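In what comes next, chain A is part of two complexes: it sits with chain B in the first one and with chain C in the second one.
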Partner chain A sequence: MSADYAHLCSSILEQCFGKVVQSVADCLFSATTRTLSQIVSSTNFSRKEVVLAVAVLIKFRLVNFEPSKNNPFLAEYSLRREDVICLLRYSRYIHLVQTKYGNVGASIAEELLNAGSETATGLLLKCLSDGENKAESAETYRDTFIKMISDHYIIKIPELMPGDEQDEAVPKFQKNECGFFVPPNIDLQLLAQIQKGEATLSKALDGAIVWSLNYDRFHQEFRDDIMKLAIERKLGENAAECFSFILNLIYNTTDPWQRKASNLVTFVEIKQAIERKSNNMELIKYLDQYICLIMDDSLGFLRKVGDMGGGQYLVDMEKTFESLAFACVEAVITERFGSKAARIFRVIRVKKFIEQEDLQKEAMIPAKEAKSLAYNLFQEQFIHVKVIKKPGGGGSGPAKAFYLFQIKDKDTVRMLLDNCFKSLYNTIRRSNYEKNEHKGLIEKSQRLDSIVEAMKERGESDEYIAEIVETFTPPECEILNKVKNRIKTLSKAEMTLDDTIFLLQMYQHHCTTLPTGIQKFK
Partner chain B sequence: MEAEVAQLLLAVIQGIPGGATNDDLSKALSDMPAGSRVEGLNVLLKQGSIEILKKGDKLIYRAKDPEKKSALPKDADNEEKVVYSIVEEGGNKGIWIRDIRMKSNLNMTQLNKILKNLETKKLIKAVKSVNASKKKVYMLYNLEADRSVTGGAWYQDQDFEVEFVDVLNQQCLRFLQMKREGAEKKRDGPLAFKQMSCCTVKEVHKFISDLGISKVNLDEDDLETILKTVVYDGSAERILQSDGTYVYRAVNLPLPAPGLVQMPCGICPVIKNCSNCGDVTAINCQYMNDWLD
Partner chain C sequence: MAGRGRGGKTGSLTAEQMQALGCMGKDMPQVQTAPPPTFPALLNKPICLETTTAQNYQLLWKEDFLNRMRDSPYYIVSASQEKQKTSVKDWREKALERLKNKAQPEFNYKAMPRELNSNYRKRKADPRPKVLAKKTNIEDRLKQLEQKELKNGGENENDEVKRESDSEHDDEPEDPEAALDDEMDEENDYANDYFDNGEAYNEEDDNMDDGPVY
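Then we have the complex of A and B:
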């Protein structure tokens, strides 16, 4: 965790939950665990405010708590730092659900995201009372909800351990991996009663079972999309389709977040799956060739490990994300330092260790330019230098040193990831600044809009409305449009930046042993 | 009289490839007195037709290769000869003046004079090395400098021809892409497509030669170097064939432009200094202002 990420988290939380939560989270960010009184004393907010803030964070699954080792009645809180950035991905999550389950699914996901976590009945109530989708029946909502659970997009939050001695102590939860995706029983009759006001929500039977979105499942989908897109760009659509079948087969036997490589799948299995589900004749005809193609490609997505069942294959996640992350690093270098610098970077990557002189010869770049580019890359920490010293032979002859360029993969990616965090922080900061700077204007236009709306409802004359609208002068209008455009550009940049961040995080998950945000069933 | 003796001696010495000892000579020319033999040998040595080697405590006379017999004029003095032979040893890689000094044990001023002398007589020449622009190496006048000294086809005098390399790089890439496009039109399955989009160095060589953009003659090794730069640019792949040669093919990048570089922070030269306070902040960033307007 870097300082850049700390800044980013802080500003995201401020944007979503306000100042109190922000400073509570800041306090938790800097420590492994804190108790409530420690948070209170270091944040200067009242105990009540802090309790509320922690509760919000727990509801949004951003804070974990566990009993202290010495005192089972004292809870220690810790921030799930990696999950904070997921708050920015909400629109992507909703978009994904929208494409898979339509509007009903999207509204379920939206309510769930807004609430952080929610009981099934409560959630469906909210969706139903939401104005937009009145046409859909409660059954459709329930069915979609259950479908999303069985597809693992929605996950059950661990239930409280049953027992009496839980009153005073810090609550303990059941950890039962099988139970995470068991669909709930939803009483539609009760739902209708509550809707009419004949019963209260507390009567619902599933009050103790709380659901939340399963980020990992979404991330798995995003990750697969990255891989499929890469194959499509390099080898065409058919190969991408073939690869998506392979991925689906592999998830039957493999934990999707296995770090290095997947379990095995045989050619026969792939062939059967494609013949059953695909109607792409060309793919079926040339299936062996497409698999061969993906396997031989320099991206290294697929690896052949045996001959059983017409050939056994595995998806090499480590190699995949190494190739992709470095394609990204190289693209950044091309944009920032020019294509010659990218050439130098690739030469170093291919040769592993190389001296300055050999470098310029291999890259065919004049000595001076090559030197300046390589040193620039070194200065910005994209490449590194390894010094090998030969000791001077007892005073006879000078000590000699060799300076070899090399790339420390993990350091480079990490540096770039921190850069991304900083850039993302900058966009948020800038966007807040723009909003603050023109706060008066934005508020005025909003007020005006609501007045005009109200007038239209009352049926006032068009002339009168036009007069009111004119109080917003053209220069003001111009400034407002400019600001709106700026904010739009910035939020678009936020989205695209997150793509890069996600890719690099996937590299960290699959190519390193660092702890990452992804744990099985958090 | 001396010349005749010398001729006789030379004939004998040439007859024994490993070199003749004194005994060999006295056996072969038993009627020759020792005195005139010594004189004859001296004449040969002066001419440079033979050389003396020592094996154990015996002296061996060996004939020098007449072709290699130096182009040195007869009036050259001993120092010149020594320097000349050192330069000769250097071959077409040339030899550095410091090394000549060490080997010849001559002092700097004298050596300089000799070298200048030899240069004006067009016996040796000085060539500037591309690796170190100030380092001059000497070699025989009639030799063509080695690639490591001149840098091969990519150097005009001392300068690396950037434009030339860039043009070749682009043309090679264009050829690979043309080949790929040509292969795309035919629909014979993915593997056939891949094979058809691959090019050998020979094909590229022919294409470049036919284009006639190069004044100098490029061989296949030269083009291989260029093709490698295309690979290093990320626009092509180098694939090892079963017979140990490589083929090249144009490829697309696997990723679209990453989000980071679509905004100014990704290409910002001062992102390291950017923070909440100080001169570089997101609020007063000029790059960002330009981008947003």
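Then we have the complex of A and C:
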């Protein structure tokens, strides 16, 4: 975890939970684990505030705790660093749920995100009391909720060890992987009674079972979308549909977060699945050719490993994300240094090691320009220099040495990832600055909007409303529009940066052995 | 010859080495002696981002979410920040604040360490059950003793009762957690209660001024 990531986490938490939580998280970020007293002493806030901040972080599943090894009655807290950035992806999660399950699903996910974690009955009550979807019945909400659990978008938080509920200073949880997606028993009658005020929430049978969004299931969907979109852009819609069927088949036998490559799938299995589920006649007719097309493509998504069952295939995650991540790196170089620099980068990547003179010949770029571009790339750490010293010599002069340009894949990606973290942090800071700088103006416009809305509801005359609207002067209006546009551009930049970060993180997961914190059950 | 040795790294590249890297004469990059500027000029103007409907939806939702979080009870404002704010608040803001304050954070304290639960009170040991337990023990014991008395003719009764009661007292299980709580309890902390202002210093010496005792 880099310092840039630490800054980013800090600013994200400040945006969502305020300064106290930010300070507590900063303290936890800098250490593996800390006790409550250690957190209190290293932050400038009162014990009560720190306790509240830690409880909020636990509720939003950003902090883990476990009993200390020396004293089992003392809890040690640790920050789930890799999950903090998920706070920025909440809007993407909601959009995905909305496209899959409609407004009801989006409402459930929204309430879960607002509360961090919640019991099923409590969650449905909140959704039902929400004004937006009052027309929907409790049954629809329950069915959608259960469907989301069975699709693994919602996960059960580990339950307390039986018998320990009352006595433990640090509660212990039972981790049963089979039980994470077992749907709860929701009593609709009780739900109706609670709504009418005839019963209380404490009577619900599922009071001890808490649910939360399963971020990694969303990430799996985003990852698959990246691959499908890449194939769609390069080979067309039919090839993308074919690949989506292959992915679905693979998940029957493979852990979705297996690092290097998937398990095998045969041609016959793919054909049967497509014939059963697809109406695309063209795809069914030319299936073998589409598979060959994906397999022969330079992206290397699919690899043939045997001839059994009409041909055995696997999805090569390592090659896939190497291709995609370096396409992204090349795009960054093109935008920053121009297409000639990108060509130099590609030549070095193909040749693996190359001398300066050979580089300018291979890239077909004038010597001076090639030197300047290579130097820029070297300075920004996109390329590296390997020194090979000739053995022997031993005289007073410098030893004969060869200086070869090379690309260290993992270092380049890590550097770019850190740059993205830094840019994202800067973007958030700038956005906050703009909001603070024009706080008065923004609040005034919001107040005016609410007044006008209330007047319209009351049925006031248009002239009178126009008079009120005119209190917001044209110069103020102009400034406000400019600020809003600036903030919107910054928010868009945040989202685009997060897309790049996600792609590079996928590269780190599938192409390296670094701990990424991504797994099926968390 | 002594100073030459086999040499280590010189710190900078020689002309020959620079030539091998392709840098000679005017091509030599300038030596950087100051940190780069905070806002360097852009070489290329960045391209404008296109906004799709999906992105628009996400942008609006995100803005809404951040506003909701700011008004939620999970957005913690420290006491010092609160003080700064209250000094410049008008009556409308105060009324809004009061409305906001109605929402209380909901935590499942059962699934959190006990130290985070501010409402948790240390359970004081209830004396009654213990007394009852002792009573029943005594009654049982008395019965046993009566039987013994009948058998042995009542020799050394008192001694045995004493020994028994002593052993019972010793066997009483001690709650390790309670002991720890007592230890951590601020009220029992000697260091907090004890304060020596130094007035009692040399007090003993004064008392001894009365004269030696022979």
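As a working rule, the second predicted complex is superposed on the first by the 506 of 522 C-alpha atoms of A that agree within 3 Å, B and C clash if a C-alpha of one lies under 4 Å from a C-alpha of the other, contacts with A are read in each partner's own complex, and residues count from 1 in each chain.
Everything below uses one rule, namely that a contact is a pair of C-beta atoms (placed from the backbone, for glycine too) under 8 Å apart; a residue touches a chain by one contact, two chains touch by 3 or more.
It should be emphasised that the depicted structure is a prediction, and the values quoted were computed from it without experimental measurement.
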Legend entry - Partner chain(s) touched by A:Arg336 [first = chain B, second = chain C, both, neither]: both
Inset, instruction - Look at A:Leu299 in the shared chain and tell me whether it touches chain B only, chain C only, both, or neither; answer first, second, both or neither. - result: first
Inset, instruction - Would you check which partner chain A:Ala401 touches, where first means chain B only, second means chain C only, and both and neither mean what they say? - result: second
Inset, instruction - Please work out whether A:Glu470 is in contact with chain B alone, chain C alone, both, or neither, and reply first, second, both or neither. - result: neither
Inset, instruction - Kindly classify A:Ala363 by the partners it touches after superposition: chain B alone (first), chain C alone (second), both, or neither? - result: first
Inset, instruction - Pick one for A:Arg430: touches chain B only (first), chain C only (second), both, or neither. - result: first
Inset, instruction - Report for A:Val51: first if it touches chain B alone, second if chain C alone, otherwise both or neither. - result: second
Inset, instruction - Kindly classify A:Glu198 by the partners it touches after superposition: chain B alone (first), chain C alone (second), both, or neither? - result: neither
Inset, instruction - Determine, under the contact definition given at the top, whether A:Glu457 touches first (chain B), second (chain C), both, or neither. - result: neither
Inset, instruction - Mind sorting out which residues of chain A both chain B and chain C touch, each in its own complex? - result: 335-336, 357, 367, 489, 493, 495-496
Legend entry - Contact footprint of chain A on chain B as seen in their complex: 131, 154, 159-160, 162, 165, 169, 189-191, 194, 225-226, 228-229, 231-234, 237, 251-263, 265-267, 269, 271-272, 274, 276, 282-283, 285, 288, 291-293
Inset, instruction - Spell out the part of chain C that touches chain A in their complex, as residue ranges. - result: 4, 6, 14, 16-17, 20-23, 27, 29, 43-44, 46-47, 49, 51, 54-55, 57-59, 61-63, 65-66, 68-69, 72, 74-79, 81, 105-108, 110-116, 118, 177, 180
Inset, instruction - Write out the stretch or stretches of chain A touching chain C in their complex. - result: 15-21, 36, 45-46, 48-49, 51-56, 58-60, 65, 71, 73, 75, 90-92, 94-95, 98, 113-117, 157, 160, 165, 168-171, 173, 208, 210, 335-338, 355-357, 360, 367-368, 370-372, 374-375, 379, 385, 394, 396, 398, 401-403, 488-489, 491-493, 495-496
Legend entry - chain B contact footprint on chain A (complex, rising order): 7, 229-231, 233-236, 238-239, 285-286, 289-290, 292-293, 298-299, 323-324, 327-328, 330-332, 335-336, 339, 342-343, 346-347, 350, 357, 362-367, 369, 380, 416, 419-420, 422-423, 425-427, 429-430, 433, 482, 485-486, 489-490, 493, 495-500, 503
